[in-house]
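All remarks here apply to the structure that follows.
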Amino acid sequence: MILPALPILIPLLTIILLLFSFQRREWQPWIGLTGALLQLALALFLAIQVKTQGILVLHTGNWEAPFGITLVVDAFSSIMLVLAGIIAVSVSIYSMDAIDRQRQSFFFYPMVQGLLMGVNGAFVTGDIFNLYVWFEVMLTASFVLITLGGEKKQLNGAIKYVSINLVSSLFFLAGIGLLYGKTGTLNMADLALKLSLADNNVLMNTSAVLFFVAFSIKAAVFPFFFWLPASYHTPPVAITALFAGLLTKVGIYSMIRFYTLFFVQDKLFWHPLFLWIGGFTMVIGVLTAASQYDIRKILSFHIISQIGYIIMGLGIFTVAGIAGAIFFMAHNIIAKTNTFLVAGLINRITGSYDLKKIGGLYKIRPWLSILFIIPAFGLAGIPPLSGFFGKLILISAGFDAGEYVISFIALAVGLFTLFSMVKIWNEAFWKPRPEGLSPFEGENEKLPVSMVIPVVFLGLITLTMGFAVKPILEIAMNAAGQLLDPKIYIQAVLGL
Amino acid sequence: MTGILIYLIILLITALLSPILIRKGGKTAPWLLSMVSAAGFAYLLGFAGFISKGNALNYTIEWLPELYLNFSLYLDGLSLFFALLVTGMGSLVLVFSGNYMKPYPMKHRFFFLLLLFEFAMLGLILSGNLFTMFIFWELTSVSSFLLVGFNHEKPEARNAALQALLITVAGGLAMMAGFIMLGQMAGTLEINQLLQSGDIIRNHPHYLPALLLVLAGAFTKSAQFPFHFWLPGAMQAPSPVSAYLHSATMVKAGVYLLMRLSPVMGGTPEWKYILTITGAITMILGGYFAYSQTDFKKVLAYTTISALGTLVLMLGIGTDISIKAAIIFLLVHALYKGALFMIAGLIDKSVGSRDLRKIGGLSKVMPTASLAAIISLISMAGLPPMIGFIGKELIYEAKFALPDIGNLLLVAGVTTNVIMVAISLALIFNLFLGPLKYPGEKPKRPAFALRIGPALLAGISLIFGLFPARVADFLLSPAIKSIRPSIDSLKLSLWHGFNEVLLISFITVAAGVVLFLLYRKVNPLLTHFNTKVLTFRLADTFNNGLNMFLYLTKRKTSFIQSGYQRFYLMAIFIMTSVLAWYQLIYTWPEIENISFSKPGFFEMMILLLIVSSTLIAVLVRSRLAAILSLGAVGYGIGLLFIIYGAIDVAITLMLAETLVLVLFMVVIYHLPKFANFSSKASRLRDAAIALLVGGFMTGLVLKAGQLNLNPKISDFYVENAIPLAHGSNIVNVILVDFRALDTLGEITVLVIAAIGVVALLKLKTKKGSAT
Amino acid sequence: MKSYIVQLAATRLLPVTLILSLLVFYRGHNEPGGGFIGGLMAAAGFIFYAMAYDTAKAEKKLRVSPLMLIVAGLSFAFISTLPSLFAGNPFFTGEWISLNIPLLGKLKLGSPLLFDLGVYLAVWGVIITIIFNVMEE
Amino acid sequence: MMTDHAFIPEWVVLTALIMLSSAMLLSLYRLAKGPSLPDRIVALDLIASLSIGFTIVFAIYTGQVRYLDIAVIVALIIFIGTVAYATYLKKKYYD
Amino acid sequence: MINNIIVSVFVLAGAFFSLLAAIGVIRFPDVYTRMHAATKAPAFGILLFLTAAVFFFADFYTTAISLMIVVFIFLTAPVASHIISRVAHLLNTEIWYKTKIDELANDTGIRKKKLPSELLESDKK
Amino acid sequence: MKKTLVKIPNLFIFILFYLKEMVKANFYLARDILSPKMRISPGIVKINIRAKSDNRILALFNLITMTPGSLCMDISDDRKSIYVHGMYVKDRDSFEAEIKEGIEKKVLEVFE
Amino acid sequence: MEILLAIVIGLLYAAGVYLLLRRSIVKLILGIMFFSHATNLLIFVSGGLHKGQPQFANDGINAVSSNPTDPLPQALILTAIVIGFGITAFFLALMYRFYQVTGTEDLDDLKEGENK
């Protein structure tokens, strides 16, 4: 039995191979890509396994839960693994031409794999301290990636990114310490079991606050998000795309995991809080995006806004709400990464991300326009793209649960999202090239195939998620159902 | 019904292929495209007989049944009527565009977008599920956005497109919320099933909010006050777009929705009053502004608004007669307005201007087009023998049927119609008859492709005016029956005999003629009034609002995202403190009987060491002293670990601490000395925040003692370290065996960090190479 | 500007620290110590050596590149997870064998020790990499 | 590893531990006060040396030989640390 | 019994010299004189403690490890004090005004460069 | 391993000597530290050494530091002289002689 | 003792927070390190204190009754310390590079950087 450990081991092996052959720069992309492809294939295989056989559990070291570290792949994890695989493959391909030689030979690919190892680890682990470890793996790799190249603005952003994320990690760690002190266990299922039996559960709240803050910082939730817009626009866009797709989502994943599995006692405190925070996050994110002129900054602020939707799903706390959150997360990972990749293509042609310095792309690059419109309108929730269904599911769930205010906020935020996307469209695509600017450096250049393939691939997924929403929603519903019935998880892990 | 689906797909494929066709196909390409549309028209017409017998077709593909979302098509009298309008007008407009768009280099994209719109619009009309409809609805918004902004190099065009998009999408989103509510009320969004659930919905407590939301969608799309302003702005679009979208199709989508849902939601007082009042205001406002415009196309845009108001008004009244009137007027309006917009484009193209003050007597250069225009304008004026006359007549009848506000509505209606008559006459006499007048070169005779559309539409108007009964039986009554099945016959004739309606009509015409005679005098005054005195304009307000919004968000962004790292951290700490203190205080009384061990003296000394080194590190000015004090803190904590038996931790801590200090020393000497950056006030504030955080952390640690859910998993480690894991250093056994996976992650972190250090120090890329 | 005395001390201390580090590493399973502490001590010897001379000399003394130490460490850690699979046990199960070696007596070897060796090497390589690179600045 | 060992009056060990911790506090005063950088380094080095002593006494106090292991390892690393501080104090201005 | 007394005496003596080191570091007037206290006394203190430990535990392991610690400390302590005092001197650290002679100040080989005085200023403030 | 590091019989004597010096050193130190008035008269003295081998230099260095009133500060680049900080430098020559005759001699006897 | 330790932990956190809110990047790192010290102690204290009982299992029957201090929090702290070491080292290199590139250690200078 090793399957649930493979999402960790494959990147590890890839890292070893990459480091071993680090002097052969030309091998690096291919080794990295092979690793990513393997991960995607594995993730799909795991998803099928979970679907057919139920939750996969691996007690590492043959130490029965709760004593050892148990790896658990349930429906939710498997969805996240597949998404991580998709992003890994896309970014690995995109980076072949998008990342310069120097960065490639300075450990770009090992760091991507390190990030994936952390992300995958976080998705499969069933142990809260082990989760912390994977968080750190992921974070450290992201620290390296965000500073890779050491340009001034990168370092500027990195200091905020690193310091705030470290504070978050330390809150997380403190929470683990306190929780262990109270319950004597680290295994998530065991925690759930013990807490469901204890009668003074409200005492968990104070530790839960620390987890909430830690995950909120990682997920870039209001008012903990500042590090994200301060830093995400600084590294090469392939890195931003990778971050945008995965990093904040790991925070959200953990929040959903914790607050559905074992911090479920004090609903009256937490769920309204989630809804409030979700609402604020959506609104603040989308409003702050409106005034930006750097494409990457607009997109970064939207990451925040869209995190709000996922939090909202958690706050609704019905199967539909959680399923909506999962679906929305899946949609957002794909579309958001894709918009960043398209931004990279725009930059490739125009040499800039500044909307004031670019224009006329609709005229000269009609295909690029289509490549942009799919994820952008997907994010804005235009049907029949995936974002529409994400919002539809969440808002329906909100109405069902009687949470009208947040649902209407979600609707309104959709409009402002559209506004931002149209702003990019108007400025970059429709507006004629600003006068006085000489032709763009890449105006007549052919875009590298390696940079276009992932965009097309992700765009197709956005389309597919719209048309094939039913099976995907069913998967999300299944995952949500598992999440909201912790007994299933406990039983699978502890074998009770 | 599968045929219709296939036709939709064909239409979509045609749209996708159209750019190639236009590029390669030369002159005939637009004709071919038009044929596709016309074929649709013919195919749909083939259903007329079947449908007129009261049948309906339904076709469903499951999509997301959990949320009542299916891909469904539904063909009944109403949708057939609209579908014919869409395809028929479509084919004419495509032909018109073939010539009109010739000089545009991007015309291949134009045809793509126009066909895409046609596809979306037809889909909207044929939708058998409200969500399907919503999807097509949004697609019409998007494709109309792209069409309105077709001349996207002009900022006004971009702005107008954005305006139209935001307004219609905003409405659409509200409508979507309304649909969700409808779905929850009725348990379905299939139109054929919804039609049976009217009573449930109307009696549901959420009826009113749902109604308001749905109306928001309909009103924005159909340019009802106060959302009407996007429509004149959208005149930035090339004329074929206006002829198609802004006369017959897209703006009618809202009206279509109201018609579609009136058996479901209509008939209640809320419905009646909201619709009639909104409709009346829109109607009269549109009339007024139409009268005061000087741009032909703007005149048409405002008359369109007025007409849309009229339609909504009639649907609001909701009597049998008003519903009949609505359907008839809708057709009438589509015919004359489509023709007139094309003529506006044709004039624009051949004269180079649309300014009513500069053009005149065009019948001398373009007789066919002028004749078509005059027929259409007579129809617009509601004069006999046009079918428009019948429409007008019915409006009056409807008004008599709503007693309490009937008189007000009547006044509004009469006023609007007077204005319409005046405008129509003014256009006929100033633009087409009378002496020839033009600003630039002498206008050329427009091409056949440009003339055929208007001519055909005018012809149809005329034929329908002369033989209304045939049309009524064949097309209109099935549509009317879809709205209200109880209406069984639609008698139409030009002559109703002498009655008060005819009297009012007569008065209307007379007043209209008077107003027409005043037109030349009054129009400049009104124009002046509109521009100088009536400075409040909704479109500007919208733009100003948008700018204000952007300004505010920018201000707010620079406040929220200030760029100051410490404010970011401060926000985090304050928020955390609020939550944690709240929880601490909230659960504090639960603390009972926590036993704490007695403090030992030398442990206290160690604590004193830690505390004083901490204070030194915080307060001392010398960086080195601060760092070395940190080292002392580390050693002190190490000693604590030693006292409490954590040997490996103590060693590791001291080793790591020392190495970090070494690194610190190496690095720090490159940095300048500590500057005294912050003011005393900010230091005090920060100290307060620091104590807030420290305080709750203390509280958390104390509270951790209140719960002890034994057994701890570490008991297992203590018992089994030797027998099962073959080691007596339990901590090490945990690290390499019980929890080896943690350690694997841990060394990965180390490796990554080491590589990161190498990359940071050794890799120095060119500035700006990060892309 | 190096101190001769420090250089003398470093030359003598290096083998001592290496032996000590191996001892600490090996005893770690039963007594204080282990891979991390051992690796750190091994690195400390080289750090001291590099301070006394310079990093180039220290790397020469090390013979292998620090990166390869890291790779070796990660590889050992990775390999240590494999025996469990051949034994049909879950991933990462500790597999032990007992050897009877004359003089030393019964020697227990197990995959956790191999894992700890990986930790030792990785930590060693990592610390050296970090500190040497910073020192070279 | 607990050995049968002699009985030492607790006050003896406690007094020693208290004296050691007081010594650390005094050194900390020097660390804080300086005035020169080498003074501070001397102070920290002394604190470290005192912790070694503390560890040994603590081993006697608890009867756990294992605490002596700390002393070996810590002595090594602290020495290297001290040399490093001093070396780098010098390096910037001298190399 | 005698063992107990020996252990106690050694422990207390070790503690005394350790404390002495700290007092010396406080009292002595400059860094060089402080170094005398900080080098000799703690090493001696540790020696005394270890002796106590050897008597106390009275086993091979303790003796061996104590010997190791002692050798290590006595080997390294002078090296550490050497490097600190040398750097102190290089940095022109203030020397007690009563110090009679400073022959190191004349060694041009060691003092190749004059050190910038702002270094000391920077950390004094 | 032809060269023995130390002459073994002498080593024992050396250790005893070392211990004696050490105890002395610390008692002097105690006196200086605890006496109310500072009775010290420090100075930095350059001392030419005879020791050439690394072992001898190291041992000398070590021993000087651990013995009463003296602390090795530095060694000259040619390794022919060392700089010693003395606590009680009444006059430099007698101080130098004291070290050369006492400690250095001992070191030369024992180490090679 | 727990009460005193809790207060010290709180103080360490407070020191960390205070330093994190300064403008100097050196203090920022110091703040992080205080934070992590505090966290390590917190884990240790909330795991329960047993004076002078190291984390070693005994052969034989009295394995549990010897009541060593809880080894698990120790293992957690150890892991956290090591991870913290790696990250701090990286952060220090970052600080160094930052200063090298920007010539400042004033974090408020990052403000301009963010809006570029």
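Of note:
We call the chains A, B, C, D, E, F and G, going by the order they appear; numbering starts again at 1 in every chain.
Just so we're on the same page, contacts are C-beta pairs under 8 Å (C-beta built on N, C-alpha and C of every residue); 3 or more make two chains touch, one makes a residue touch a chain.
The model shown is predicted, which means the values in this text are computed figures rather than measured ones.
Common neighbours of subunit F and subunit G under the contact rule above are C. Minimum number of contact steps separating subunit C from subunit F: 1. Seen from the Cα centre of subunit C, the chain whose own Cα centre is farthest off is B.
Compared on C-beta pairs in contact, B-C and C-E come out with B-C as the pair having more.
Placing every chain at the mean of its C-alpha atoms, the farthest one from subunit A is found to be F.
Averaged Cα coordinates give subunit A a centre that lies 67 Å from the centre of subunit F. The mean-CA centres of subunit A and subunit D are about 47 angstrom from one another, to the nearest whole unit.
Taking each chain's centre as the mean of its C-alpha atoms, subunit B lies 70 Å from subunit D. Residue positions 17, 20, 22, 24, 34, 37, 41, 43, 58, 66-67, 69-70, 72-73, 76-77, 80, 83-84, 87, 89-90, 94 of subunit D are each in touch with at least two other chains. For subunit G, residues touching at least two other chains, in rising order: 20, 25, 28, 38, 42, 44-46, 52-54, 56, 72, 78-79, 82-83, 86-87, 89-90, 92-97, 107, 110, 113-114. Shown for subunit F are the residues that touch two or more other chains, namely 61, 72, 74.
By the touch criterion stated above, subunit F contacts subunit C in their complex at residues 54, 57-58, 61, 72, 74-75, 79.
Subunit D makes touch with subunit B in their complex at residues 14, 17-18, 20-22, 24-25, 28, 31-32, 34, 37, 40-41, 43-44, 47-48, 51, 54-55, 58, 66-67, 69-70, 73-74, 77-78, 80-81, 84-85, 88-89, 91-92.
Taken together, the subunit B residues at the contact with subunit D in this complex read 601-602, 605-606, 608-609, 612-613, 616, 620, 622, 624-625, 628-629, 631-632, 635-636, 638-639, 642-643, 647, 650-651, 654-655, 658-659, 661-662, 665-666, 669-670. Those residues of subunit C whose C-beta lies close enough to touch subunit F in the complex are 3-5, 8-9, 12.
Residue ranges of subunit C in contact with subunit G, taken from their complex: 30-32, 36, 123, 126, 130, 133-134, 137.
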